[in-house]
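Across the two complexes that follow, chain A remains constant while its partner is chain B and subsequently chain C.
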Partner chain A sequence: MLRLPNLIRLLAFAVLIAFLTQPQWFEPLLRPLVQQNAPAIYNQGSLLQLTLLHLRTVAIATAGATVVALALAILVTRPSGAEFLPLSRSLVNIGQTFPPVAVLALAVPIFGFGEKPTLIALFLYGLLPIFENALTGLTTLPPAIMEAARGTGMTGRQRLMKVELPLAMPVILAGIRLSVVISLATATIGSTVAARTLGEVIIAGLQSNNLAFVVQGGLIVAVLAVLIHDGLQAAERRLGSRVGR
Partner chain B sequence: MQLRVDKLGVITAALTAYGAFLAPFATFRANRIVAGEGRSISEALPPTWAALVLLVVIVAIILAILKTPGVLRLAIALCALAVLALAIGAAAGQLTPPENTYARVSPASGFWLLLFALALLAADALTRLRPSPLVRVAILSAVLGFIAVVLISGAWDGLSLLKEYASRADTFWAEAGKHVMLALGSLAAATAVGIPLGVLCHRVPRLRDGLLGALNAIQTIPSIALFGILIAPLGWIALHVPGAAAIGIRGIGTAPAFVALFLYSLLPIVANTVVGLAGVPREANEAARGIGMTDFQRLAGIEFPLAFPVILTGIRIVLVQNIGLATIAALIGGGGFGVFVFQGVGQTAMDLVLLGAVPTVLLAFTAAIVLDAVIETATPYHNRVQSA
Partner chain C sequence: MIEIEGITKRYGETTVVKDVSLTIAPRTVTVIVGTSGSGKTTLLRMINRLVEPTSGTIRLDGEDNRTLPGFELRRRIGYAIQGHGLFPHRTVAQNIATVPTLLGWDRARIDAKVAELLTLFQLDPAAFGPRYPHELSGGQQQRVGVARALAAEPKVLLMDEPFGALDPIIRAKAQDDLLAIQKHFETTIVLVTHDMEEAFHLADRIAVMDKGEVVQYATPAEMLVKPATPFVESLIGAGERPFRLLAIETVADAVEPGAAEGEAISSTASQREALSALLWSGRKALPVIGPDGAVIGKVSLEGLAQRAAGPA
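Right after this comes the complex of A and B.
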């Protein structure tokens, strides 16, 4: 049952949990990266706690982005909202040219330092891939199926809930996955405006010239991103095979 | 003429009305970092300017609500934006007490909201008009030209943002140069390496999964961490490889930033080269083989030109992404506009943040529009995707 890639994932997960709960076990591995007396394991807070805060920030932002992006995509693909469709497409294109650092820095004067500007930046940045994929999913449904749904006398609402959304779901989930992976990495930048994320570890490392901090902060985020990416992809495949797309 | 209401126009009109009549137009601060006080349009502007702004805003609101031709909507939106841009300069002159060099005037939420709503109106009109790539680039050049003229004329000199610039004019252009060099240089290097790698992946399928997987993994490392991690190997090279330090390779500074951007750039370029080459019709390849073309002739004469638009899309993704990511370089001493952003965040001086953020956004935006136009021109008409 357990194939090699899954075995590697399981192992990576086990190592990650071990590192977060018992970081001192890994001290000898990171020791060569730092100067004589410098600490090799982040000592200004618990790595586990920072990881959970990091995940919480990403989860809240992505949940908000998913709800709003999905609602907007449904709205502009209904006949009554069709006027908004072309503009919303160009807005997504324009939005993606805004660098995350700029969004983050500009959110600070409005929302102050800390978690809020990070949440706002991640939310805004996360909207785009979800909205784009939801649009693609909802506008490229097979015409024959839509015709059949109409032919059986389904109302607009029934078609949306029973036909359109389930069929578009794999594409929408792919958008959410993309959004989560981008947010996991972008959240680290939030620590430049004092949000409590794993970026704190990396920035502490940059400031005190401690490579071990930079490496452990970066690797935790990267492993989290890969594991979450693969997990969501597996969920998509399962769903995809069910709706036959 | 039958009067019909434009749904989107109602939203833009509501935003415009709120920005013009309810939100403060400009912020006045006694010095650089204290909290500001909002001033409405009538308080912030000399009477003639206030009247002009309100006039164009009201005309824009009416034209936005009614179903009007796209050209007219675009014209009023651009006209109102121009008036707004000049008015905020006038507000600085009006609000700053004479002989006072500490006072700061900056655009407030009403101004930004008006800017956003009118830009939305313009973007909507442009989307409906579907201008050709050449016209889009022409409009962009006109807008950038207008901004340049206003900057040179000194009409904005009283604004806080320009005061921040004035005290840093030399560093600003040095950092701008570094920013562009980082973004374009790493793109050039990634293109030079990535396209051959993509061709190789296309020809040797066994290589493809491994290489694309590795490049994908690099993308998951957060940018600030990758920038930081590269400090170590580059520092080692600078110390131990003769001549490396002489050509500017150092542990901190531009070198790790350049390498990090290069690594991030590889995936879109390699992946798009592979996708582009895979999309070349089998018939085209067979015909080329049939007339006796060698492998290289086929690559250069048939496959590459047909895959070019897709590869170009990869280059566009990389350029826009690099312009944004280059801001992070400032955290490891690599320079660029990020220097102002992070200094500004550190001093809670928002105008300084804007001094870094606004040029970055403008640069990314310009790059996106220009490259989109190039891609559309390079794509054969029947292949174009039906989207804005």
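Right after this comes the complex of A and C.
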């Protein structure tokens, strides 16, 4: 049974796919935004390919940030790692306050132009939301349940895998969702250092004063962000209802 | 048999449990009572080493409870707490199967045990096994919590205010069920409560704690007749003493020869129930029927009054 919000999502997805595979269909819509003779559809590469590369960059950076942030959160919530809690908090906070543009500028001399500086910037930027949420999730578990887990004779590792992580999962997922959405938007600036992302389309538009390029680059990123955000939120809700939160 | 010997627990400067020694006989129900903060929970949790004592020894069937690693010890001791602590992301069946799974029982044995316990606690295995805890009532959740604690057939069951969250009617039923199950599995139960009514109803022996010390460890009857300190006396409630005395004995012990008119009472009922029936019906005596339904004598108002009287 399709309800209205799902219908809209499905429609948005269909339009996105159509735009990426058959952009010329939408030419009449974008034409009014450009001067005569200027192209209304991005013509310096495939939009579909750029989108896939954009998603790949975000996926790699988020996966890395998830692994590191989650490992860190688990470490500092164990009794043996509790003393590192303040240190890891400040490290991750620095990652967040450092502007991604500055990370790019610093990383280019070391790693050269291309995807790497962008991955590093996105990785650092994505750490904080995941870490903070994982920390919240792992430290606010109901005391009676934690007591029961110890009382039934679970070892520390068993408590983590069988009780703590499953119960904290909806909150951890919310952190990953936040991180993905931030990264989807931030990845565009990677194209200033020659990473192949949808930022290319926007930058090309700015350089040739082509409003249509800027709009289509921006819209693709925005629709991607909304769809992925919604998808992850639905997953969280299903998990959340299972763990009774 | 649980032997607690000279157990002390200190947190920094404060002594929470102070030099406690108790011997708990197998297959009995021992109830620990006392005001809030008197160290009941801490004492209980030192038995399964959720709390490590500062000094002293606890032996289970003669074996020091520090012989095994803590988690292995806890798999052998049942533990049920107030608010049940069921895992919300696991079904009722999975919750009950927790300890057997940790112990590596095979699937068929686990399934059989889960079904047996659910049936014993009057929950249909097919209907309740696949449910999640939030789909149960408070009383059902509490029963599943106790079933989980009993799943690996522990000899010892520790319970920390297990019925604290239940309303009075369900609570009374849960207490009776617990006694039946204790008989069935011959479990040694140590139960913490601050409800004296509950203590007198369940206990073979009661340990009264005050500021970390056990001030009296005695059978309910002894405690009523000879409270060790004014604190114990006040905890029992001076006005309640005759009624508590009658509540812990059955009508069978108060049967007198002779006949009486009107509705009969069972010999397994408590003397307090008999008194209540006498007062309410305005009679001087009730006929008593034995387990087989035959009249075996009478119980009289006068007889009960004598039994409820304290030592002169």
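Definition applied: the second predicted complex is superposed on the first by the 244 of 245 C-alpha atoms of A that agree within 3 Å, B and C clash if a C-alpha of one lies under 4 Å from a C-alpha of the other, contacts with A are read in each partner's own complex, and residues count from 1 in each chain.
The rule is short, and it goes like this: a contact is a pair of C-beta atoms (placed from the backbone, for glycine too) under 8 Å apart; a residue touches a chain by one contact, two chains touch by 3 or more.
Just so it is clear, the structure is predicted and the values come from calculations on it, not from any experiment.
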Once the two structures are overlaid on chain A, check if chain B and chain C clash or fit side by side.
-> fit
Could you look at A:Pro166 and tell me whether it touches chain B, chain C, both or neither (first, second, both, neither)?
-> second
Have a look at where A:Phe98 lands relative to chain B and chain C in the superposition and call it first, second, both or neither.
-> first
Please name the chain, chain B or chain C, that touches the greater number of residues in chain A.
-> B
Quick one: classify A:Ala144 as touching chain B (first), chain C (second), both or neither.
-> second
Included angle at chain A between vectors to chain C and chain B, based on C-alpha centres and rounded to the nearest 10 degrees | 100
Check whether A:Thr155 is in contact with chain B, with chain C, with both or with neither, and answer first, second, both or neither.
-> second
Figure out whether A:Ala174 sits in contact with chain B (first) or chain C (second), or with both, or with neither.
-> neither
Thinking of the overlay built on chain A, is A:Leu124 touched by chain B (first), by chain C (second), by both, or by neither?
-> neither
Determine, under the contact definition given at the top, whether A:Leu30 touches first (chain B), second (chain C), both, or neither.
-> neither
Minimum C-alpha separation between chain B and chain C after superposing on chain A, in Å | 20
For chain A, which residues belong to both interfaces, chain B and chain C?
-> none
Chain A contacts chain B in the complex at 33, 81, 83-84, 86-87, 89-91, 93-94, 96-102, 105-106, 108-109, 181, 184-186, 188-189, 192-193, 198-199, 202-203, 205-206, 211, 214-215, 217-219, 221-222, 225-226, 229
Touching residues (chain side chain B, partner chain A) in the complex = 6-8, 120, 123-124, 126-128, 217, 219-226, 228-229, 231-232, 320, 323-325, 327-328, 331-332, 338, 341-342, 344-345, 348, 350, 353-354, 356-357, 360-361, 364-365, 367-368, 372, 387-388
Which of the residues in chain A end up touching chain C in this complex?
-> 144-145, 147-155, 158, 162-163, 166-167, 242-245
Considering the complex alone, what residue numbers of chain C touch chain A?
-> 48, 50, 71-76, 79, 81-89, 98-99, 102, 132-134, 145, 148
